[in-house]
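Each structure below is given as structure tokens.
Below are two complexes that have chain A in common, paired first with chain B and then with chain C.
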Partner chain A sequence: MGRWLRVLRLLISKEFAVELRGKEYTTLLFCTTLVIGALIGAGVSSAVLDAATTTKIYPMLVWVVFLITTTTSSARASETELDGRGFEGLLLAGVTGAQLYLSKVAVTTVMFFITWVLLLAVTSAALDQTLSPVYGTLLALGAGAALTLSALVVLVSGVAGTSTLRGVLMPLLTLPLIFPLFFAGVEITTECLLYGALTEGSIWPGVITVLCAAFLLVGVNSYEAVVKG
Partner chain B sequence: MNSKTPTIWHSLATVVAFLLVACAQYYVFMVVPNEQVMGAVQRVFYFHVASALACYAAVGVVFVASLTYLATRKDGADLLSVAAGEVGFVLCTVVLATGMIWGHSAWNTWFRWEEPRLVTFLVLWLIFLSFTVLRNFGDPAKTAVHGSVLGILGAITVPIVYVSIKFLPQSARLHPEVIERGGLKDPSYWQAFGLSVVALLALSAVLVWVRYWLGSIEYRLRIGCDEGERVV
Partner chain C sequence: MQSYPEKWGELSASFHAMNSTTAERDCSVEGCHVGTVVEVQGVSKRFGNQIVVRQFSMSCGSGEIVLVLGSNGAGKSTLLRMIAGLVTPDSGSIKVASGQRIGFAGHYTCLYSRLSVNANLSLYATLAGIGQIELAQILRRWQLEEVQHKAVSDISRGAQSKASLARALMGNPKLLLLDEPSSNLDEEATEVLCAVLSERVAAGSVAIIATHDLARLQALATRVVVMQCGAIIADSGLSSTRSSLDSVVERYRKSNR
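Showing the complex of A and B:
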């Protein structure tokens, strides 16, 4: 078990090093978030909505931007290894599919979480929303959502990465599967903004947990098959 | 299943399925009386619910066939998964179309986002659509594995979608719960409903078999098998 975790830690370090060297994925993710966040802000302000209406639609807007930017930007998540046959090399060296998958999920979760924080900052400023009283809850929600989303995105990027339609296929395969995350995210954000906290006994954190567990379970058990074919 | 030329039993099963559909249509349009509130539009219920049940069955077949393919790598399981996925997509389209026809008559709107079953079927339709697109545009060397993983992900997401929409606060539960509330008082309603369900299930099974058979022919052409050689 100790060796297994040591290999996983090394893989996570490698993933971070590769990403920090190239910065392509980071640049794409953050720039798309900023551009779409700014566009949404400009669009909503042009509609001259009152403050209460803007607060009502804010959770939906934030989640639409978050899910679209992360899924469209993630077509390249496994590209380096798929193009350079890096997966075969790692698997031949004794690394398991589960370790590969979990290392990619860890790095993608961090990237998505930073994207979430950036998005909250941009959209709250653009749409004049006060998030400071509920920032802790929204950050915890972002962490859970980032893990759930990356558990799916890493698996699907392995599927879409070798397709001729890779850029288009990624959101097409991912978005229908994350509807429960979208509903849960919007409901939790709305509860936070309208009532100042998450309602006691809310089932939505449970929905995210179940979805995350299901995606991780499928990913850990099938990622090796996905990359090997 | 066998990839050989269809036998007399296959042809017989096809004829029986089409006869059942014809009987169901006769019952629905000629025997069953008009429903008091909805009138003639209520007749869409028989095809709507029967298609929905057949669609759920298709999801189940995709799930089991995908798991079997990943575990055994038998090409027959992959062909079955493709066939059930494509037939499921058609059935799901029928459910959405008939649901919208009914909804426009009952609610004066084509679609209600508050309604769990409608949204579940829309998501299911999108999942079947992505499954079909992947099968056509995926990496040919890996499509079988990738399609199986997507089939499993789709099948486990559908119940979570259904449950999550049920908990949405604005959910008005507009969908009629005919069976749950002991509706269909007239015996002819039950006969037509039962016949429609059996007919649609039989027709779906035949369509899945035909698609499986076509898939096995494509497969043999691709790998250059002799005519009559078994795929599985």
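Showing the complex of A and C:
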């Protein structure tokens, strides 16, 4: 187990190194989020809605931007593996498909979480929303959503990555599967903004947990077959 | 069914006779015969309507260097990828002696193009339990010192091939599967390749090499297998003599003129 975790840590370092060297994925992800977040913020502001209405539609806007930018930007998440077939060398060197998958999920989760923080900052400023009382809950929600989403996106990007239409395939394959995450995210964010905290007995954190576990389970067991094609 | 050219008939028959003899050896351990590093039995692979490898059988023991010859599309690369476990055969079985590391260098470098040569090889060195001193020796031997800090995408195709071979041969793998290993190498690098192969095989490894570069690799070979349309049409045999091996190569050369 110790060696297994050491290899996983090594692969996570490799993933960060690959991303930091090119910064294509990071740049695309963060820029798209900032631009779309700012545009939607400016658009809604120009509609001169009252504060209560803006608060009601805010969760939906944030989640639409978050899910669309992350899924469309992630078409190339497995590109570094497929280009040059790096994964083949690693598999032959004794790395398991599960380790490869989890290392990618870890790095993607971090990037998605930063995206979430950036998005909250931009949209809350543009739409004059006060998030500070529930910031902790929203960050925890963002971390859970980032992990769930990356568990799915890494797997799907392996499937779509070999296609020249991957830019279209990624959202087409991913969006139907993340509807439960979208609803859960919107509901939790709404509860936080309207009531100042999660309501007691809310089922939505459980929905995200189950979804995350399901995606991780499928990914861990099938990523090797997915990238091998 | 593809018919073989007549001039291959005799060799093909002798191969089948010899293959049945090797199959009778009674010394199985972990699914593979003792001394046998890889055993391929009746393996076939089809991509769409095209049969790429058909009923291929071969077993190789320690100390062998097997050259797999054949024109483009003969099924050499697919065969190597199946033995490496990167492609699943449609039928048949491939057994590699348990616990043996496989060194594979194919058409792709299996390196991360954005990372430096050093970062790539360090990754594999760590996985193979090789220290920095030994890694430095590997870089020096493969003449990669000058480009070690450059991204793989920024170095020449020849240097990429050297880095790929250094990666594949790292950690003393027992089974080496090399697909056109010398195709991008200069004379000096090819000499390094031959020297490393000789050392590894002397230490008990098996090398299965798909190649067209007979001029450079024929002298090292202990066995030559010729493929056509996915099947073996000639095999110089286990522990073949130099004359039988050269005879198979000569026939192959003539058939390609």
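In this text, the second predicted complex is superposed on the first by the 229 of 229 C-alpha atoms of A that agree within 3 Å, B and C clash if a C-alpha of one lies under 4 Å from a C-alpha of the other, contacts with A are read in each partner's own complex, and residues count from 1 in each chain.
Throughout what follows, a contact is a pair of C-beta atoms (placed from the backbone, for glycine too) under 8 Å apart; a residue touches a chain by one contact, two chains touch by 3 or more.
None of the values given here were measured: they were computed from a predicted structure.
Contacts of A:Val7 after superposition: chain C is touched, whereas chain B is not reached. More chain A residues lie in contact with B than with the other chain of the pair chain B and chain C. In the superposition on chain A, A:Leu102 makes contact with neither chain B nor chain C. After overlaying the two complexes on the shared chain, residue contacts for A:Val18 are found with chain C alone; chain B is out of touch.
By the document's definition of touching, of the two partners only chain C reaches A:Ala93; chain B does not. In the superposition on chain A, contact of A:Arg85 is made with chain C only, not with chain B.
Looking at chain A, you'll find residues 228 touch chain B in one structure and chain C in the other.
Chain B contributes residues 70, 119, 123, 126-127, 129-130, 133-134, 137-139, 141-142, 145-146, 149-150, 152-154, 156-157, 160-161, 163-165, 167-169 to its touches with chain A in the complex. Contacts from chain C toward chain A in the complex involve residues 84-87, 101-104, 106, 108-115, 119, 123-124, 126-128, 151-152, 167-168, 171.
Residue ranges of chain A in contact with chain C, taken from their complex: 7, 10, 14, 17-18, 21-22, 80, 83-86, 88-95, 228.
Every residue of chain A that touches chain B in the complex is listed here, in rising order: 152, 155-156, 159-160, 162-165, 169, 172-173, 175-177, 179-180, 183-184, 187, 203-204, 207, 210-211, 214-215, 218, 222, 225-226, 228-229.
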